[in-house]
Structures are given as C-alpha cells and as structure tokens.
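Take a look at these structures.
Presented sequentially are two complexes of chain A, the first with chain B as partner and the second with chain C.
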Partner chain A sequence: MNSIRLIAAKETGELLGSGRGLGWLITLAVVLSAFSLLLVGSTELSLLDNAQAVYMVMGTITALGGLLAVVVGSDAIAGERERGTLVPLLLTPVSSTGIVLGKMGAQLAAWVAAYVVALPYLWAVGSSGQNLGAAVLYLALFGTPLVIGFGFYALGLSARLGNVRNAMLVALITLILAASPLVLGPSLRQSGIGKMFDAVNPFSAALNAFDSVVIDSDPFGMQIGRLGVVLAWLAVTALFARASARRLEGT
Partner chain B sequence: MKHWILALAFACIGSMGLAHAQTAPRLSIALSPAPGNPPSPEMGNWMHFRSVVRNTGAAPAQSVVAWIGLVRVDAGHEQPMDLEDWSAHKAVVIPSLQPGQSFTTEWPMRLIQNGDYRVVISAAERHAQRLDSSPFVDLHVRVKPTVESRRILPVAIGVPLLLGLIAGLRLRRRA
Partner chain C sequence: MLVEVRDLKLSIGPVPILQGVRLGMDAGDIYGLLGPNGAGKSTTLSVLTGLRRAGSGAVNVLGLDPATQAQALRRRIGVLSEDSGFYGWMKARDYLRFMSSLYGLDLPAQQIEAQLERVGLPGASAHPVGAFSRGMKQRLGLARALLHKPELLILDEPTNGLDPRGRREIHDLLIDLSQHHGVGILLCTHLLDDVDRLCNRIGIIADGRSVVEGSLADLLATRTGAGRYRLRLRGDPPLPAALPEGVTLIASEGEWMHVALPANADPGQVWAALLAAGWDLVEIHNESGGLEDFYLDLTHKELTS
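On to the complex of A and B.
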C-alpha cells in the first residue's frame, strides 16, 4: 500500500502540486467562467430556469472531468514508456495492479480538485436554490464513477497501444461519442437506436439522472438503474485497465 | 345587338362571382388566453392561447393553414417577432372543415423578451382570396433577471484569479 501511495503522491504532485501543474485547473475555471458569463449575457440562456442552468453546468463539469481523465490516463503508461521511465517503474516491487491504483489515485485527486472548483459555479447559477444540494450530491455520486471510469479506460488503452497519441485519440473519440447527448436534443434520442444508446451509455445515465433530480425533482429511487449503468462502466473499465497493465509484466 | 351580348356576358361573369362568394368557405377565428396563464406574466413564463377556427360559410374549407403571429408594439421597438425561440408550435393544418364545423388549437408560447405584444392567429384556406385573422390578444411581459449576475460575476472573475494567485505563489516559492 505504501508503494501505491508513493505513486499516487508523485502523480498528484505533478498535477496539482506545482504552479505550472495548476495551469489545467486554471483553464478549467476559465471555461466555467466563460460559460457562466454566457448565461448572464445571452438573453436566451438567461431565461433558463435556475434548475436548467445548474443542469447545464453539471453536464459541462462532467464532460470536462472526462476530458481530464482521458488526457491524464492516456499518458499514464504510454507516457512513461516514451520518457524511458516505464522499465524502472516495472522493476519496482509494485504489482501492475498497484501501479494502476497509484496512477488512478492521482486522477481521483484531480477530479476532486475540479469538483471543488466547480462548486462556486453551481452556487452562482443556482440562485433560486432549487435542488442545489441535490445537484452537488449527484454530481459527486454520478460524476465520480463516470470520470474515473474514463480514466481507467484511457489508462488501459495507454498500456495496450503503447503510444500516448494513439491512446488519447481513441479515448477522446469514445468520450465524444459518449458525451454526444450533451449536444443532441432529446428528440434525436427518441428513435430505437437512440434509446438503446441511452440505455448503455454511462454519460447518458449521468445526464438523465441530473435532469431527473435537479429539474424534475425525482427521488433517488428513480436513479438506481442509472447508477447501476455508471457503476458497471466503472467496474468494466477498471477490469480493462488491470488486464491491460498485467500484460506489461510479460514484456 | 353587340351591346346586349356584352351586357349579358358581364352579367353572367358577375353572377358567377357572386355565386362563388356565396358558396366559398368563410372562416371566423376566435382567440383567447387559456385559463391558468400567469396573471402578470414575466420573461421565461409559459403562456397558452386557445384559438377556435370555425367555418361560417356554406362550403367546406380544405387544407386550412392556421398560424400564430406576434407583434411587438413598444414605442420605438415595433416589429413582428421571429417566433423561433418563443414557440415551436407555429402552424397547424386543418385538412377539412365542413360548414359549421370548428377546430380548436392550443398554442403554447414561452415569453422570451419583456415588452408589449399583440398575439394574432391567421388562417388561409386553399382556395380563399383573402386572409382570415382573429382579433388581437394584448400581452405585457415583465422583465425578470433569471440568472443573477450579482452571484455569477464575482465567481466568474474571482475563482480563476484565486487559482492564478495560488499558482503564482507556488512558482515564486520554487524559484
């Protein structure tokens, strides 16, 4: 466990500990600021109910979290290989599973940092207070497994493809596909294929849960199926990352 | 003789026109706000209007197209409004209206902008020579700031600045 913590601490330090490392977090805050100012400045967007504005900000934060996970995860193994530090890492007395957990510990820390930065924005757009507490809770409940799942997925690709660029491309395309409900209206998802896609897409599950709780004030009981989809995504991608990392032990 | 023939021809044409007018469908349109509308509507509210298109003529009306129109009448801002953001339910087609038959439609509308407006329903029948329209329903939409800039501006400016400050301090510490 100490080795895992050491890896996690090192990776977290690179992401959050240095001044330069915070650049991504500042950029994320600037994006959220721009979106929030758009909500104020645009007449059409400013008509949104507070609940709808909160829902949109939640979707944006989740998408940005997924992007963060894809970028960091793609570099996790392939980046070490390209920098010549993968072999020394594999020679340490840490199992491949331990390496995965250590790397993902840093991703979790980065997501937590992004989540904390996002909280003031949620408060700012949710001025009527409708379901704001639920929004904060459900963003953590659904956003965390979704984002970490993308991290596992990208890490697994990083281990298998051995090249940061290729891993990032595949992971980004997958993320864009999964996050397409953000830009597709509900009417476009009413076809048979659209409904099937919604049923298995963890991003859709998260967005639908946000919509259901924040806008429609539905209870937790209605979100159990959606939570199941997101947790299944986390489990499958974790197994994928573990199996992919184990292949390195044989190389 | 020629004059008699010409007079007879004009009389025939005139009587054909009169007969057509008497047998052509005639539409009357009533428009009223639906019950349940907010008494003092403001930006962002939904309102519903109910129209009744009735065929008061002696002939059936075919393929009647009815649509909603909105005109802003604030002094200096008079203009017909593009309903793209106001309403997705812009027109209905009534395939056939028999004499005496009526067709009721509910028109939802989201109030996008504050101001004074007049709502009207217009209808055109396939063979009609003129447009039919309802009386106006007048509407005053109050202004409402939905997203509070007082909360957003400090956060939108303050959070990046604060993070930048933290990053700057860390860079200085390491230098």
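On to the complex of A and C.
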C-alpha cells in the first residue's frame, strides 16, 4: 500500500508539478472560459435555459477529463518503457499491480485538479438556476469513474502495445466514439443503433444522467442503471489494465 | 550456490533465443558473462531477475525461483540494466530516496550522500539527473543498485560511458564489494579488460548456448600455448639458473626473453620471484593471447560450426 502511495506521489509531482501539468490546467481553464463566454455571450446560445447550459458545461468537462486521462494513460507504461525507466521500476519489489494503482492515483489527482478548476465555470453558468448542487455532485459521481476508466483503458493499451503513439491513437479513437453522443443530433440517438449504443456506452450513461438530473430534475433512483454502466466500465477497464500490466513481467 | 542455471531454454514466439545456458556462481564470486551481440546474455539476465519466464531448465537465484518468487528475490538483488533510464526532472538525491523508498527504506540524507560519494558522484546530490553525462548516469545506476545492500549484483555493461579513471574506480568498488562484503557480482560486458581484471569465473554464450563455463584461470590454463610469456628486461639477461622452479626459458632475443610457466603457476608470484632473483622486468606480454584470443576462438568456432 505504501509503495502505491509513493508511486502516486511521484507521478502526481511529475504530472501536476511540471510545466506539462500546468499547461494542461491552463488549457482546460482557457477552453472552459471560451465555452462559458460563448454560452452567455452568443445571441443563440444565451437563449438556452440555465439547466441546458449547465448540462453542456458538464459534458465538456467530462470530455476534457477523458482526454486528459487518455493522454496521460497512454504514456504511463509505454512512455516509461521508451525512456528506459520502466525496467528499474519493475526490478523493485513493487508488483505490477502496485505500479498500475500508483499511476492511477496520479490520474485521479489530475482529474480532481481539473474538476476543481472547472467548478467556478459551472458556478458561472449555473448559479442562477436550481440544479447547480446536483450538477457538482453528479459530475463527481459519474465523471470520476468514467474518466478513471478511460485512464485504465489507455494504461492497459500502453502496456500491451508498448508504444505511446499507437496506444494514444487507439485510446483517442475509443474516446471520440464514446463521446460522440455529445455531437450526435437527438434523432440519431433515438434510432435503433443509437439506442443500442447508448445502452452500453458509459459516456452516454453519464450524459443521460446529467440530462436527467440537471434538466429534468429526476431523482437518484432513476440513475442507478446508468451508474451501473459507468461502474461496469470502470471495473472492466481496471481488470484490463491489471491483466495488461502483468504481461510486463514473467512473460 | 548463489546462482545456479542448468540447461536454460527460452523461445520468443517461434524463435529460440536460449538453447541451453548454464551458469554457476557462489557468494563473493565475480562472474563475467560474455558473448557476441544477440547471443542471449541480456535475455539470460532477464530470466534471472524474473522479467522473463524460462521455457525449460532449472533456474535458482539466492535459493529462489525468479519465475514464482520475483518480488522476494528483488529485495535481495541489485540490478543495473544496460538501457537503464532515470527521471531526469528529479535531483539525484530525490531519485535515490524515491527508489530506496520502494524497498521500504527511509534513508537519511547523509546516507544518500555517502552512497553518491561511494560511486564517485560527490557533490552531485542537488543536481537534476537530466543534466548528468552518460558516465554519471552509469554511476547513479550503480548507486541505485546498491541502495538496499543486495547479496547479488547483476550488472549489464556497468562501465559503459566511463573514462579510464572512472572505470578503475568502479573496478575497485566492485572488488571491494566482492572481497570484503561477500557480494556476488554477475557482470555482463563486452569489455574483456573488465573481465580480465575483475572476474574469477566466466561463462561464454554464443547463439543462445553456453560454450564454456568455469574458473577463468582454469579455462585459460587449458588453452594450447597457455603460460607462455615474453619478457623485456633492462640490463644484462640473468642466468637461467635464477629462474623459479617449473619456469622454463624457451628463447632469448636481445633484451626479450621467452618463458613458459607451469599450468598451475600464479603469474604474479612468478614475476615477484623473478624480480627478487634480479630480473629487472620492464614489460610482460602474454604470448598465448589471453582472454581476448580465447573468447574470439570459442565464439568463432561456435558460430561457424
């Protein structure tokens, strides 16, 4: 447990304490600033009701969190291998599962940082409405397992493919596919294929939960199935990452 | 035995990489693992450290099976791999502190400084590792391998990138570890000078097979022409009667004398005896070619057979 904490602390320092981490957070702030400005300043978008605007910001934050997880996860194992730092780490008494969990601890810290940066924007567009509290809560409840799941998935690919570029490409394509409901029109999502895709897609489950809670003010009981899909995604990707990391040693 | 490997075989996909490697060393031994590029040396080391599983054969390191007891084994071995990387953004002391913490150690700053000084990096603790030269990184890698006081050191090309003085310092450190602390050292290198100076046992691998394995002195002694030396003297050649027992004078050409030593003779002792007997030795050449010729002969034979 201690070694997981040590690796997580080292990775967090590298991720958030470096220029790269700072760059990420500034980029996130700039994107959210531009998006929030558009929501309140654009003639058409400013006509959206408050809940709709909050829903759109929640979706954007979740997508950006997923993007951050994919980029960091793709580098987690393959990047260390390419820089020659993986073997010294594997030759310590820390298990490969411990290394994966340590790295995911850093990803969790990065997501928490992104979440904290996003809160003022959520407040800026949603403070005049009634569902800001629910938005903050549901973004954490659904966003965290979804984003961490993408981190596990990218990390697993990173371990299997052994190459940052390939791992990032596959993980990004998956993320874009999963996040496609953000850009698909309602009619496409109501089609047979769209409904089937929505039923198994964790990103859709999170977006539908945001929609249901923030726009329709539905109770938590209606979100349990959706939360199940997101948690299943987290569990499957965690197992995938663990199995992939175990291939690193004793093969 | 500290390390015992018998008939180790391993394939990666359909390609056989190791086809019968043997290796044996005890505590305090410095074992040189030699072989041409692609012979299987690094793969053998990765099996010994548990990074790869053997296809067949027996592998025992410190009484443990690396395939099933890797984590326990890694607490007791120190490894410097050939392509070892570092977190360049960390300071040397922070890097060593982080790596030692993964072994459950909480080393005080003085101990970290002492470790850096031991490998020839005094005053470098506050420098970022990314600014280190290749030789400095090799030294830091060695410091990392020694952090937890391992019983066995596995070093892949440890003197790569070091200047002659640096090589000599690392040689002295390894000799000290072996002779005074009983650490077994398994050395994988292309530098036969390192082997000649450090190792008491060697194993040569060619094409995934052990070609030869055993005591370096015994192996060189069995070679045809072993024990023949050419000596350059200052002043008049002494009388052959002054030669130590068993040493034969073969020929004399001006200031050069050709002598043969018995198979069990320690050359160092013979030279000391000659000096004591009035032989003013200026140069000594091993006419049997030494380790380099031995290595080239064996690997050539194996690759052409």
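In this text, the second predicted complex is superposed on the first by the 247 of 251 C-alpha atoms of A that agree within 3 Å, B and C clash if a C-alpha of one lies under 4 Å from a C-alpha of the other, contacts with A are read in each partner's own complex, and residues count from 1 in each chain.
Just so we're on the same page, a residue touches a chain if its C-beta (ideal position, glycine included) is under 8 Å from a C-beta of that chain, and two chains touch if they have at least 3 such contacts.
All figures in this text were calculated on a predicted structure; none of them were measured in a lab.
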Winner on chain A touched-residue count between chain B and chain C: chain B
Ask   = Which partner does A:18 contact after superposing on A: first (chain B), second (chain C), both, neither?
value = both
Query: For A:192, is the partner it touches chain B (first), chain C (second), both, or none of the two (neither)?
result: neither
Examine A:39 and indicate which partner it touches, taking first as chain B and second as chain C; both and neither are also allowed.
-> first
Please indicate which partner A:53 is in contact with in the superposed arrangement: first for chain B, second for chain C, both, or neither. first
Query: Does the superposition put A:221 against chain B (first), chain C (second), both, or neither?
result: neither
So the chain A residues that chain B and chain C both touch are 18
In their shared complex, chain C is touched by residues of chain A numbered 2-3, 6-7, 10, 14, 18, 80, 83-95, 249-251
The chain B residues in contact with chain A across the complex are 43-44, 85, 110, 112-113, 145-149, 151-160, 163-164, 166-172, 174
Chain A residues touching chain B in their complex are 17-20, 22-23, 25-26, 29-30, 32-34, 36-37, 39-40, 43-50, 53, 117, 120-121, 123-125, 127
As the complex stands, chain C meets chain A at residues 49-53, 67, 70-72, 74-75, 79, 81, 83-87, 89, 98-99, 101-104, 141, 144
